[in-house]
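A, B, C and D label the chains in the order they appear, each numbered from 1.
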Amino acid sequence: MEQGIITAIRVVPLEHYLVLCFLLFSIGVAGVVFRRNTIIILMCLELMFNSVNLLLTAFSAYHSDPRAQVFVFFIMLVAAAEVTVGLAILVMMKRNVDSVDVNQLNRLKG
Amino acid sequence: MIVALLLLIPFITALALMFLRPTQQAKNVALISTLASLGVVLFAWSAYTGGTVIHYNMDWVPSWGLRFVMGYDGVGLLMLILTAMVFPFIIAAGYGEKLQHPSLVNALLLFTQTFLFGVFLAQNTLLFYIFYELSLIPVFFFLLYWGGEHRRAITVKFFIYTLLGGLSLLFGIIYCLGQGEGFNGDFATIGSLNIPTSVQIWLFWVLFLAFAIKLPIFPFHSWQPDTYAMAPLQGTMVLGAVMLKMGLYGIIKIVLPIVPQGVVHWQETVILLALIGAIYGGIIAFRQSDLKRLIAFSSLSHVGLLCAGLFAWNSYGVSGSLYQAFAHALLVVCMLYISGAMKERVGSSEMGAMGGLKVRTPRLAALFLLVLANAVALPLTQSFVGEWLMFAGLWQVNGGLALAAVSTIVLGAIYMLFAYQRVMLGPDKWALEMTDATTRDHFVLVPLIAITLFLGVYPGPILELVDVPVQQLLSSLSLN
Amino acid sequence: MRTDLLTILVPVLPLVGAIILASLRRKLSANVAGGLATALIASSFVASVVLFMGFEASTGGRTVHMLDWISVGGMDIPLALRIDALSLTMMLIVTGIGSLIHLYSIGYMHEDERAPTFFAQLNLFSFAMLMLVMGSNFLITFIGWEGVGLCSYLLIGFWYKTPEYNYAARKAFVMNRIGDVGMVLAMVLLFERFGTLEYASIMDMATGGMNDPLMIAATLFLFIGATGKSAQLPLFTWLPDAMAGPTPVSALIHAATMVTAGIFLIVRSSVLFESAPFTKDIILWIGTATALIAASIGLFQNDIKKVLAYSTVSQLGYMFVALGMGAYSAAMFHVTTHAFFKALLFLGAGSVIHALGGEQDIRRMGGLKGSIKITFITFFVGTIAISGLPLMSGFFSKDLIMAYGFQHSPVLFGLLLFGALLTTFYMFRLLFLVFYGTYRGKAHPHESPLTMTIPLMVLAVLSVIGGLLNLPHLFGGHEPMKHFLETAADAIRYEHLGLSATTEWTLMGITTVLVFTTIAMAYGRFAKRATLEGAEADMPFLKRLIAQRWRLDELYAALFERPYGWISAHLFTTVERHVMVPVMNGVGAAALAMGGVVRKLQTGNTSFHLLAMLCGMIVFLLITLMSN
Amino acid sequence: MLALFYLFAAISVISALIVVSARSPINSVIALVVCFLSIAGHYVLLNAQFLAMVHIIVYTGAIMVLFLFVIMLLNLNKATEPMKSLGTRIAAVVAGGLFFLTLVAAIRHGITVRPSNEFDAGVGLVRSVGMSLFNEFLLPFEVSSVLFLSAMVGVVMLGKKEAVLAASSAPVEPLTAAELERRKA
């Protein structure tokens, strides 16, 4: 099995990973713009995070450099922190305006 | 060491004033700080032997090749002396003002002084620019919170207008930084920039606009009278005495070396505009009823002449202009101080409300008269030396322009004497008792007038300071 | 070395006096202040005399270098004094007459509470005037030139509580300043041409080249400067108004010294003028016109000092006529004699005014010869001196000018003679109206104190014998003043009066006869008068015009003063307020408008902003892509 | 092996699309969990075993559960969300597509990646990641704890503030309809 996995790195071209990650990222981006539900938007953000993580890992594997994976680890840390804060804000928002519709947040209007 | 002291003394004092808020002692602390700065500058002067003294030269933004270079040459030193010399008097003038939060006022003034020192010490174009814009910030707050009527609108106008010029200057500087190979904006290498003449012709205005607004030159001047009239006394002093000299300094240090061909191309246009301003300001000043506004227009007139002299670009014109810059700084402080002193006594700076004050305040009248002698450039006062040199310089450019320039001495006499008459002369109509010149008035006016007279009789020290740098500047120009 | 120190002391002593008096002006009494001021100027006079005694005319002159003044680039202008025949002559006049007038002022001003200030300013004036005449280059002269202008301003407006006096002071200063524009331009031009402003160097270099346009311009500018200071057409209207000042001031500044600065300047730079005949012609005719117009105005003035003021303008015109003909020594001679008798007349007038407690209108005088005898006698001497009665000082100096005039053209002689007769007429009118007839005023006349009468007597003597200074060959002299001045100004060597003795005697004869006739006419009309003619409105047109001073003041007011005020006010209210400020506001408005446009994009809609951000990212990526 | 890659890729893309398009948030969460699991599969394929484990624990185990909690807490599981206007939706899809195309175009021309010569399949193992993490990145690792702390404090503050406010105005009343309208406006 281990041998098989190692060959997988060689068999699957890096470009495939690139395209896959771009696709996932783009879906996330489209979702952020597409949806009005804040919680879905947060999920799309997670999706984008993960596409980047995957890309980093792929590069790491191809370059045989463990440091990129450490960065992925850090990104996960940050993502976890971000999600907690984001969800807390969401809860606040629900309490204050009784909605999770992102269009309610238009106080930035100039 | 000198550079560090000059920047740190006012800066740290300002910080201390801002956070400790010693309301009672604020003015004294600020005064001591400015006197210390003056001492440092005078020491630098006594130790100065010529050339450019560089105190710091280190990497700043390595990826752009920018370096943090601080130092001074003769012209810079002159400006430093000027700044250091007028600030104690500006602070002292504040003793008569009853402004709220004196510690904040003095802190802002000292911040301004710090940045002004920075402007005159910077030996890199971008560094110069940063200090140039920084110096505006404390003044902005000072005007905004302590100004007179309509302060909000006028301050914002002033700020936008000056920033517009600054923006244009920044654009020009960045354009230049992108031009030459290996050019990093240092004043030392600034002359090596070879920009094509066709580019120089428009680039000149891009660079010059900022200084034209700051000075101000004729069509760009209209922020000035309102701002001067509205600003608190000390603010006007800072603006008129020192801040506008930054424009002059910038023209010498930046505009001329970068776009010499542009300067040559636009020389007569600028002189013409400057002289129109000089005459225009002189004529308008005659009928102004507010003393401070009159000073604003008279300053416009003087500065027009200054700029015209500078743009003669010969050794008399430039030296004269620099000398006159010094004289003008002292003059503006004196004049504004007197307007403040009169306002203190009469309660308004409207000249219609004054008249006949000589009866009550003969000493103040005598001091005013001496200031007036300087304002109309009587010989043996400082202004005369500067004006004479400028006239001599302008004549070499164009006789007609020289004629126009000389005619301003008549305009100056007309409005100054009329103002003197309206304030001081005439029948005594004051029922109340009025204090004559106080110790404070003497402390401010007497030394300034003494300097004025001394440098009018013996201008050597200052002229020596600028002579060599000016010669070098001009010879580098003719090489191009 | 000792003479150098002495030279420097001459101007410095009055300056020291001015500084001391100005700073102690509240602690000193009028008499102490006056005494100190007089002592200092008298010391200056003594120093001048010593210098004059020790001066060897044949050496040409000496320069005493005091200080480097302006030295930058190629310009090197020292603060230096020059001692030569010309400056010595002027120094003696300034300090000598100055001392007398200082002395006189002690008596005249003793009741004024601001007497110390007055003496300080008088001393300051002496300093400035001495700088003017002693300067070794144009710029030093200009120091004095402006300095006397300032002092004149201060002293005319000495009684500052009266607005009209302040106006007169301002007018004097501004008109002088207009002349100064010419002076500055002339200096700039000369500096450009010669690279120096030292008189000695310029005069050496300036020989040759007739009618060089640059020289014509320079001399014309110098002359403009001189018209301002010496009250010539078109800038003379300030001088009569300047009579607002205390009378000693009128005597010292506006008769004897300051107003002759223009003549001094032209004599100083005579070499330049010799190479510009065009300018000389202009000087000649402007001088003539001034002499006649001023004299005509003098005929109808009723203010004792105004009569003398117009007379001064007229006499200055004569001096300019002399200059215009190249008779520099004649001009200087007239400067000297005029200084004597005009100072005398003014001081006499001051004595009269003092005697009458401030009355200046001659319609309220008359019959004073009995009550103030010394004043009357000295005034009489002054009058006959200025009228040019034979053997008086004015006779020699004025006749010299008129003789040169005849040499130039008989028409000019005619005009000058007419002017001289006018002078005689109005001076005797003044004399008769003031001292003869019956007293028409109310105050009780009393003779002035000794400090005032001594100067009168000294000046009266000088007015009589002043002619000896330059006694012509005709009377057995050998023109000592001319020969003295020659050593300082080369041009004087070439002056030559080529008239035969017969012609000269004839001219003198004609003049003398006509002068006596005029005196008789004046006697007949005015000596017995108890009242004076009525209002100006009743006069015929021309007479009224002259009596109203050719309406020059009104003309200038209409042409310059009022339009200037109008322009000043309207430049502010119209151009500045409605063009300049809106343009500036336009910048702000443009920023606001742009903000208004961009503001609409700030909907606050989060997804819109996200979309915009996304588009931006795409664009940037595309740009990067394209550039690869 | 390629087949396995394609399988995981297909799962992740399809589930990602469901995340975006599902009407009910619960469905989105479930789809996202599936998506994350497939990404964990990718990690395994890349021999990044440590990451795969951490990923499953942190994301699927912690974060997604948090999401579920919140949804349930706030009672958001109804598909009440009003859809955006058609124009915005089309714009979103077009923009996302364009973005994707641009990125793909970028690597078509730009990036060429060659696997390193000294290939080491063991980089993703716990050992090598751990060595790197605790040698080279020890300080950031420690600092990240501070990040967590601050996040925790922030969350507590956010949650608490309302309670304090509510406590001050004694009876806790639900917002009135009018008040709601006002706030929405």
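Here is the rule we use: a contact is a pair of C-beta atoms (placed from the backbone, for glycine too) under 8 Å apart; a residue touches a chain by one contact, two chains touch by 3 or more.
Computed from a predicted model, the values in this text were never measured in an experiment.
When the interfaces A-C and B-C are ranked by how many C-beta pairs touch across them, B-C comes first. Distance between chain B and chain D, defined via averaged C-alpha coordinates, is recorded as 60 Å.
Per-chain Cα centroids separate chain A from chain B by 57 Å.
Separating the CA-averaged centres of chain A and chain C is a span of 93 Å. Work out the mean CA point of chain B and of chain C, and you get 37 Å between them.
In chain A, the residues that touch at least two other chains are 29, 33, 36.
Multi-chain contact residues of chain B (touching two or more other chains) are absent. Listed for chain D are residues 84, 88, 91-92, 95-96, 99, 103, each touching two or more other chains. Under the touch rule stated earlier, the contacting chain pairs are A-C, A-D, B-C, C-D.
Chain contact summary for the complex, chain A toward chain C: residues 29, 32-33, 36, 102-103, 105-110. Per the touch definition, chain D reaches chain C in the complex via residues 84, 88, 91-92, 95-96, 98-99, 102-103, 105-106, 109-110.
Of all the residues in chain C, the ones that touch chain B in their complex are 22, 67-75, 79, 139, 142-143, 145-147, 150, 153-154, 157, 160-163, 166-167, 169-170, 173-174, 177-178, 180-181, 184-185, 188-189, 191-192, 564-565, 567-569, 571-572, 575-576, 580-581, 583-585, 587-588, 591.
Interface of chain D with chain A (complex): residues 1-2, 4-5, 9, 12-13, 16-17, 19-20, 25, 28-29, 32, 35-36, 39, 42-48, 50-51, 54-55, 58-59, 62-63, 66-67, 70-71, 73-74, 76, 81-84, 88-89, 91-93, 95-97, 99-100, 103-104, 107, 111, 113, 115-116, 118-121, 123-124, 128-129, 131-133, 136-137, 140, 144, 147-148, 151-152, 154-155, 158-159, 161-162, 175, 180, 183-184. Of all residues in chain C, only 607, 611, 614-615, 617-618, 621-622, 624-625, 628 touch chain D in the complex they form.
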